[in-house]
Amino acid sequence: MVDLRVEIVPGLVLKNPVLSASGTFGYGREYASYFDVAKLGAVITKGLSLKPKIGNPGVRITETACGMLNAIGLENIGIDSFLANELPVLQNLGADVIVNIFGNNQNDYAAIAAKLDQVEGIRALEINISCPNVKAGGIQFGTDPESAARLVAAVRKATTLPLITKLSPNVTDITAVARAVADAGSDALSLINTLLGLAIDLENKRPVLGNVTGGLSGPAIKPVALRMVYQVVQAVSIPVIGIGGIASAEDALEFLMVGAAAIEIGTANFINPQIGIEIVEGIRDYLDQRKYLKITDFIGCLQS
Amino acid sequence: MVDLRVEIVPGLVLKNPVLSASGTFGYGREYASYFDVAKLGAVITKGLSLKPKIGNPGVRITETACGMLNAIGLENIGIDSFLANELPVLQNLGADVIVNIFGNNQNDYAAIAAKLDQVEGIRALEINISCPNVKAGGIQFGTDPESAARLVAAVRKATTLPLITKLSPNVTDITAVARAVADAGSDALSLINTLLGLAIDLENKRPVLGNVTGGLSGPAIKPVALRMVYQVVQAVSIPVIGIGGIASAEDALEFLMVGAAAIEIGTANFINPQIGIEIVEGIRDYLDQRKYLKITDFIGCLQS
Amino acid sequence: MYLFTGKILRNRQLTSDIRHLRISAPADFCQQSAPGQFIMLSCNDGLFDPLLKRPFGILNRGENWFEVVIKEVGKGSLQLGEMKEGAIVSGHGPLGNGYPEINSDLNKDDLTPLILVAGGMGIASIASCLLFSLKSSIKAGSRVLLYGAANLDELLLLDEMKESAPDIRIETITDDGSSGRQGWVTELLETELQQYPEALVFACGPEPMLINVQQVLRKVSARGYLSLENRMACGFGVCLGCVQDVTGIDDDGTVESAKVCTQGPVFPADKVVF
Amino acid sequence: MYLFTGKILRNRQLTSDIRHLRISAPADFCQQSAPGQFIMLSCNDGLFDPLLKRPFGILNRGENWFEVVIKEVGKGSLQLGEMKEGAIVSGHGPLGNGYPEINSDLNKDDLTPLILVAGGMGIASIASCLLFSLKSSIKAGSRVLLYGAANLDELLLLDEMKESAPDIRIETITDDGSSGRQGWVTELLETELQQYPEALVFACGPEPMLINVQQVLRKVSARGYLSLENRMACGFGVCLGCVQDVTGIDDDGTVESAKVCTQGPVFPADKVVF
């Protein structure tokens, strides 16, 4: 049987490359009724901030063609409550945990990273510098290579945990941001976060979402995500985690073929809560049938 | 009955705001078997260059979730053949013609604009500075405000025709490019061109498209297009033409509500060759039912 | 919670745009479903338009089937509503917390009077109380359904409810007076509460109606539960798309946000902050 | 060219993944359809996945219906293939240029021998010649269908073709030898051309087969036509997605690109540049 293990960072070996995308997996426990979440490569938590955050008012989600817009606004229970009430549950479930973090400013990011530094049971941090739905929470860092690099350098200093920086697709040249944060000490990159979009409520003459704009996710964005992963893999030498519209093992394999070291499943979790484990198994079957011994032989096998 | 006329530029009044998007309407004549193309606000031609262009080799189109990728590569018959063989046909059909142009460099753009300057029967030029599928053809101009402005200024000098500059969505801040080309003398803007995307052929381990990447169009991109039109309308004082995923009168009305002075229909033409006229009629019915006397009362009526 | 595929066993047209579907389901799912709970449904496996599953109240259930009423308002409900017998749907449920269990022992004298209030499609949720739990526990007079709709045609499932709960009193009211009085269902509620001030109220309907119900209940300090229908992406508590401001879930009176899908859709009426 | 909606009149399963559909259509569409032309089909009006219509050869037609054979290879063909009787499809056609008209006057002695060559699903296009044009113009011996497929099961429509054109000679060949010889259909073509070097050849099938047919034709300087199946977005000449390199459409021998949808799908074999 094919060996699905992937090494994201020296020392951070995941049992397989299938992770849950932040904000689409709650804090993990809800999925435990559907499958053994310990079987995922890792569970990435909803984005966490130093203090609890209540998120955006009004309508927060709306469906678009093969996609959805969300403007949750990074609602979360705050890092303290997470550590007290959620992390232990995840650990009991046997999950490998990656914590997604964000802050209002550089100090916040550094503070939360420092706080998590020595916490037992956290495998890595994913730094969200790309949420389009709140002024804080990243987008202003994520679209400018220099600010992004400064932020990552600050977080780098605050923790010894492996750092995955999550990039925004709402940029002219994602490779510039990618290189900048790689140089600033990020151990890996994950991309893409959502594309900024708008939906209109024609009858009521107003934006559907309370926040006006929202983040576009789902199958609709897969071609853009694949393209960006393809570009970034060529631009940096650190591992890249692919995200965007993945809804089947084939989708996941496409990202891996392009060179992603792992992938995250987002919106598809909402439609089928078991999709995570189905994709793990689908990847295994696909590679077994084709007699791969290790998944790392498949990763990046795109011919050009 | 509601008055559907819109003034795009002083002097350029179109009978209604429904235009065909470049590259999805051929040179117009193919559609004449399906409806009276003179009933469109205008026909925008396939992108034309000084010399004929043969386009990209290999697979040129592929479907994605609620969208499609194309890498046609700006294949066209060249401006001379267009003027000799196609423009007369369009004029016979009674169509209002807007010519979409591109070049390899600034001089090309200026030369083709100059050539069309005094041609009878051309209502305006749409300058494509945003095709993602060829190195020439715009994308390098379209993503940098300064190059875009220089290009537009050069074209501006070469012609007295109204100029519509077509913007790329593959940028961090589309309002920066919009402002730059407005300042450089563009009379109007159209957006969005396609998003750069990639599709993978898993079995053959290679990109589906001969050109590797392609431009994403269709309903999938509508939320991004609406957001960008919304942003640009607020950023500039020249008219904005909305494009991206429009497939129904409701879609078109959403762009108009956000403030677009007109809209272009692209990919939807492929699925239903009569969609253009159906959208004109759908808009008319919608506004008539709501007792609008002129469409300009509806344009920009979004509440915030 | 179960993920399953079921078959359309029956598709009955109630009005031009409302369908009553019976769908096959695993016995465990059926057994565990309670009135006021809902199910997420889709019927286009492998295609992404529509993308998300859609929430519908579980109207009724038997040993190996359940029923929903679907009003066709957009592409998802249209696709589901037009399914033919034999077609396959994907279901995920039962989800959420339904109405609280109430004393249904007819031998007890202190049977709490119950007022069910439905507006429009809210009947899908409210009728579930009559179709699969209160069946035999209605004491004449003490239990009533107040049902408002646009017009006579839009009053749904009356026969089914009467058959299932013969002793229920049903009062209707319509926007156009084509059945019952012309007016709002909350007018009926006020009258009813004058007679039974100690009654428990279950209400489901459009938000303006629920706001009204809440005000009426507050005025007379009556107890009640409201079933909400916020937009949902996941239906099981992981997207935070469906949140509603509520007070005092932790009983300290401060406003916090609750997930309608897992903490609701049925909430104590006095806790909901509209 | 017509845009119309039709109803599935019949859906017959030919193999585990191949369906034979009869669909209602306007009389004008049926009348104007010629062998080798195609139609763009979709069946999910108002939804965008699948997005584009899909091209299929017009296999046969009557007064108010036409037929297609659909191999289920992806989401579009799967959705179309699974449609039940009574379901509605949108059609756009007839599109493209079919096979050239050939002398079909049986009384003439100089009837050109015709060799039809089909590989796999290429039969959908080739069979149209037998099902709705050559019906009664087959002279024993002079007209033959060479038909290659993966195996016996994948040899489609044999009965229909024999019934419609009883005098056609049919030679089959399969990848596994389960019907006819084991081998490639182009082997049969070589043999046949030795006997009828002046024959006209119509061929449709996967690209490798067509490349082979072209080589065989070149070798013996025989005349023929190839029907191509490039990917199409529009099907009527406006997207430039389907182009194929060809020589000498303008007869000057230079390579240019032709739109398969409007200038094809049937091209003179010697003009196609693979």
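Note that the chains take the letters A, B, C and D in the order they are written out, and that residue 1 is the start of every chain.
Following the convention adopted for this analysis, a contact is a pair of C-beta atoms (placed from the backbone, for glycine too) under 8 Å apart; a residue touches a chain by one contact, two chains touch by 3 or more.
Everything quoted here is computed from the prediction, not taken from an experiment.
Chains that count as touching both chain A and chain D, per the definition above, are B, C.
Seen from the C-alpha centroid of chain B, the farthest chain centroid is that of C. Taking the mean of the C-alpha atoms as each chain's centre, chain B and chain D sit 36 Å apart. If each chain is reduced to the centroid of its CA atoms, chain B and chain C end up 48 Å from each other. Of all residues in chain B, those touching 2 or more other chains are 65-67, 218-220, listed in ascending order. Residue positions of chain D touching 2 or more other chains, listed in rising order: 48-50. In terms of inter-chain touching, the protein chains here all touch one another pairwise.
Residues of chain B touching chain C in their complex: 65-66, 219. Contacts from chain C toward chain D in the complex involve residues 44, 46-50, 75, 79, 84. Taken together, the chain B residues at the contact with chain A in this complex read 64-67, 69, 143-144, 170-173, 195-200, 202, 205-207, 212-214, 216, 218-224, 226-227, 230, 245, 250, 253-254, 257-258, 301-304. On the chain B side of its complex with chain D, the touching residues are 23-26, 30-31, 33-34, 46, 54-55, 59-63, 65-68, 70, 72, 75, 218-220, 247, 267, 269-274. Residues 1, 3, 42, 48-53, 76, 92, 231-243, 256-257, 262 of chain C are the ones touching chain A in the complex.
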